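These notes open a run of structures that come right after.
One chain, chain A, links the two complexes that follow: it is found with chain B in the first and with chain C in the second.
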Partner chain A sequence: MKALLIGEYRQGKLLDTTYELKAFADRLGADSVMLLVGSDADLPKYEGRLYLADAGKYGEYNPDLHKQLVLQAVEKENPDCIVFVHSSYGWDLAPRVAVALKAGQVSEIVALNDGAYEVNACNAKLRRTVTPKGGLAPSGACPLAVLTIQAGAFSPSGEPQGAPQLERLELSGTASAIEFVGYEAAEQKGVDLSKAEIIVSAGRGVGKKDNVPVIAALASALGGELGASRPVVDAGWVDHSHQVGTTGQTVSPKLYVACGISGAIQHLAGMKKADFIVAINKDKDAPIGEIADVLVVADVMQFVPAFTAKCAR
Partner chain B sequence: MLVVVCIKQVPDTTQVQIDPVTNTLVREGIPFIVNPYDTHALEEALRLKDRFGFRVAAISMGPPNAEATLKKALALGVDEAILLSDRAFGGADTLATSRVLSEAIDRLNRQEQVGIVICGKQTIDGDTAQVGPGIATRLGYTQLTLVDRVEKFDPFQGRITVRRKLEGRHETVEAPLPVLLTVVRELNRPRYPTVPMRLESEQATVQVWSNQELQLDQNGIGLKGSPTWVSRIFSPQREKGEIVGDGVADPAGAAHLLVDKLVSRDLLVV
Partner chain C sequence: MKILVCIKQVPDMESRFRPNGDKTWYDESDLAFRMNEYDEYAVEQAVQLKEQLGGEPEITVLSIGPERTVEAIKKALAMGGDRAVHIRDDRYYQKDPWQIASMIASYAKGEGFDLIFTGMQSQDRGSAQVGVIVAELLGIACATTLVGFSYDGGTITAKRELEGGIKGVAKLKLPALVTCQLGLNTPRYPTLPNIMKAKKKEIASLTPAELSGEAELTATAAIYPPAKKGGGLVLEGEIGIQVDRLMGILKEKTAVLR
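Right after this comes the complex of A and B.
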């Protein structure tokens, strides 16, 4: 089985998620080749063939041109599947490629499951197993499969290594209907919770805005970041850039401490991939208890200061 | 110029339940709603109608009861509502779905030139985000996904400038019509139907197009035209956690136990 991995490059840098593509191919037991529209200045550590196209010429993302580049690599390699990260890049590009090839697409794969791909459904409340007809990657045949993987779902097992065997890709023209005008930073210079190893989140159970610093103090004692549930953000207690959940950020820290968060589906969807979840809640039957590894049944404002004191000793 | 909005009837996923015995979706009694992202697509189309007087058509593929979804669109002010419904369309994955929708748009285009197609960024039941782009590719329209703002629109020059919402930043791009936009919630705040409009929509007709009208090859639609299939739907399981200490009577004692637990798992160094 051969996978064509589509690496990602933004604002002059290779994105780390590129390595997750290789981790996914390894889990699939597939050989791989990679395509990157990037630059020689920042090449991935990769053992294998890398089709490199110049981002200076074809844009960091020009949908028309990047589609043509992918199709060119497909023609050269005849892969069984094409794998993207389910980022805004893969989001936009993968379905274009799939329809151009009349290929089946499976979006945002979170796990491999006995000959099928596991994907989220119904706002991550449910999982579906989806299979391209003919197997995970129908060998050498059309329809091949176009796949996007959830960022963070397939972590590389070790440090990536190797030097790619470069092969340049060129298009005959660079004409495109879409004209790139510019980038603009998001309005809220936000906290990137997706990379945080420890997150301590405040929920409605903290009671009032004045209590939020108590939760923030625990976050800092643990060396982590402050997160928040939607009601707390909607009430204006914490800035939206800290929101965890379907309308905020999706996180996968090593440790997630939910303080006074009952566990609405939308919140759980954003944090349930944490390795270890501690819930502090006065209701032992709150939904958060269903997914927490450890539950402390307590009043948040009584327990958290005591906990912070022990952590900081 | 015609503006086309693609909408889908979806189960209200905040109320979706799983049968604990069979671990499958309980379908009875789940209310259907218009896919929330699609309501923002509708709103944007109606704003173009308000500003430029364009006609707006809403289309949806689904079973006969999806007519209710299109009635809601009529109540908001769309001029034409078309339900694409046929047993032959059933069981379709995203590739087969985009085949039917793009054919319907092409058919509308023959009556009045389509300038903009607007879709939600994804549905809340399928979460695939493939159908909008699929339509754009099939029709050869310029595809602009994840749009959170229409910066400039000049129907006379036939150009549109939009801002796209990416990870931690925005990107502004300009493109010629016809375009297909997929939109995020930040784009606008959808209006509510007025009472007279809602009453009027009760009487309005939703056109139904079957494959009799579209004349698509059976091999490209429905189950046959779908290269992927869903084998199982289930609820992800996680073991319920243990309760540590007595946080109400003895917060300090419980804190001590919790610290020990985190230290033993190498999550905390004290």
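Right after this comes the complex of A and C.
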């Protein structure tokens, strides 16, 4: 089996998630080649063939052109599967490649289950195994498939090594339906949660903005910082600078207290490295329970004030 | 301007889920259904654009699913959609993103939509494929994961959410499709007069057989609850006892409580 891995490059830098693609190919037991729209200045450490296209010419975000580049590599390599990270780059580009090849796509693979692809459903409360069908891959071994893998689900086992054999890709034209304008930097971080030893975070389960001070009071009683999940930030209850998760800050405190946070993957990705995790949630089945050291099954607005009073004593 | 908004009706994600009889999907009995959250942003953005353009655009709402789907369609009409198409399909959950997108594209092909809004993904399946596939099948420009949208003179400026709080800005010319992410806008609540008005709006009904006969490209082999990793302690019962036990555990297991 051969996998074509599509690396990621942003703001002039190779993204580390690129190495998770190789880890996934290893887990599959597949040979691999890689494609990157990037630059010679920041090449991945990789033992194998790397199709390199110039991001200066083809853009960092230009799915029309990147699709054509991927299709060129597909033609040269005849892979059995094409693997992306399930990221803002991957989920945008992968279906375009799948349609062009009329290949089935399996999105956000979290594990391999007897060689079958396992994905989440219903906010990670269920798992599905998904089988690509469709037309056979050029090797005839299996259906040709486009795969995206969940960021963080397949970690490289060691330091990546090797120098890739470069093969350059060019397109004859650069006409595209999309014009990339530029990046907007993350908002100025008012609070640096990455250094906090204790974080107490508020999630949608706190109910309303007026209840946030109750969570903040526990944070200060413990001598920690206030964190928040994304829905709470989007609702304007807590400033973005407190947001923990994929689109906020990644934290690794000694104690993380998740108050009314169900545990969306994007949030877990930002806090699962905490030494000790306490979750307070009225839903015993909430996904946060999967990673919490202690799950307190209770109404946040009843439990937290009582616990704060105990801490203050 | 002709606008299409694609919506899906999904279960409330706070529900408990269990596999159905043949273990290919979840059991729908006892579940409360509502409009997919991301699709609410799509409807809201379409209605805001219609308002910006003085009410000129016509908004068509499309949904695929069984009888109950009409409730989500009615909500979208009450939010400001003009008319709707319900592709009535009791076996919708057995169709993969390719088949769903093929049906939508097959309907949209003859209609000449200038702009299509979809959610970035469904909350139950979470594949994040359908919108992009529709755009590719129609051969129109597409950008995903929008947290910002503006329109001026045939060009969309799309602000995409990237990882780590960064955003990417891109311009697309119509015709185009965009997929909407949490944070794009705050969906309005339908007012009572608008709910009444929506009752009079047209909901055309189609069957899958009238659209695409594409075969699936992926199939669900099985659906099951995730394996419990265990390890975590679950504290239930009376609040006072929970407080005492948690305090004891934190003092014992962490070095942060002095």
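In this section, the second predicted complex is superposed on the first by the 175 of 313 C-alpha atoms of A that agree within 3 Å, B and C clash if a C-alpha of one lies under 4 Å from a C-alpha of the other, contacts with A are read in each partner's own complex, and residues count from 1 in each chain.
The rule we apply is simple: contacts are C-beta pairs under 8 Å (C-beta built on N, C-alpha and C of every residue); 3 or more make two chains touch, one makes a residue touch a chain.
This is a predicted model, so every value here is computed, not measured.
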Message: Let me test your reading of the model: by the given contact rule, A:293 touches which partner, first (chain B), second (chain C), both or neither?
response: both
- request: Answer with first, second, both or neither: which of chain B and chain C does A:230 touch in the superposed model?
  value: second
Touching partner for A:156 - first (chain B), second (chain C), both, neither: neither
Query: Given the touch rule stated above, what does A:302 touch, chain B (first), chain C (second), both, or neither?
result: both
Query: Regarding the shared-chain residue A:207, is it in contact with chain B (first), chain C (second), both, or neither?
result: neither
Task: Go through the superposed model and pick first if A:248 touches only chain B, second if only chain C, both, or neither.
output: second
Query: Touching A:278, do we find chain B (first), chain C (second), both, or neither?
result: both
Message: Output check: A:48 vs chain B and chain C. Expected answer is one of first, second, both, neither. What do you get?
response: neither
Task: Based on the superposed arrangement, let me know which partner A:192 touches: chain B (first), chain C (second), both, or neither?
output: first
Message: Per the definitions at the top, what is the overlap between the chain A residues touching chain B and those touching chain C?
response: 61, 63, 87-88, 91-92, 94-96, 98-100, 102-108, 116, 119-133, 143, 145, 177-186, 198, 222, 247, 254-255, 276, 278, 284, 289-298, 302-303, 306-307, 310-311
- prompt: Which residues of chain A touch chain B in their complex?
  reply: 61, 63, 87-88, 91-92, 94-96, 98-100, 102-108, 116, 119-133, 143, 145, 177-186, 190, 192, 198, 222, 247, 254-255, 265, 272, 276-280, 282, 284, 289-299, 302-303, 306-307, 309-311, 313
Message: Can you tell me which positions in chain A touch chain C when the two form their complex?
response: 10-11, 61, 63, 86-88, 91-92, 94-96, 98-100, 102-108, 116, 119-134, 143, 145, 151, 177-187, 197-198, 222-223, 230-231, 234, 240, 243, 246-248, 254-255, 262, 275-276, 278, 283-285, 289-298, 302-303, 306-307, 310-311
- prompt: Quick one: in the complex, what on chain B touches chain A?
  reply: 11, 13-14, 16, 18, 25, 93-95, 98, 124-130, 132-134, 136-138, 142-146, 161, 163-176, 185, 226-236, 238, 240-248, 251-252, 254-256, 258-259, 261-262, 265, 267-268, 270
Interface residues, chain C side, partner chain A - complex: 11, 13-17, 19, 26, 96-98, 121, 123-129, 132-133, 136-137, 140-145, 157, 159-173, 176, 182-183, 215-226, 228-229, 231-236, 239-240, 242-244, 246-247, 249-250, 253-257
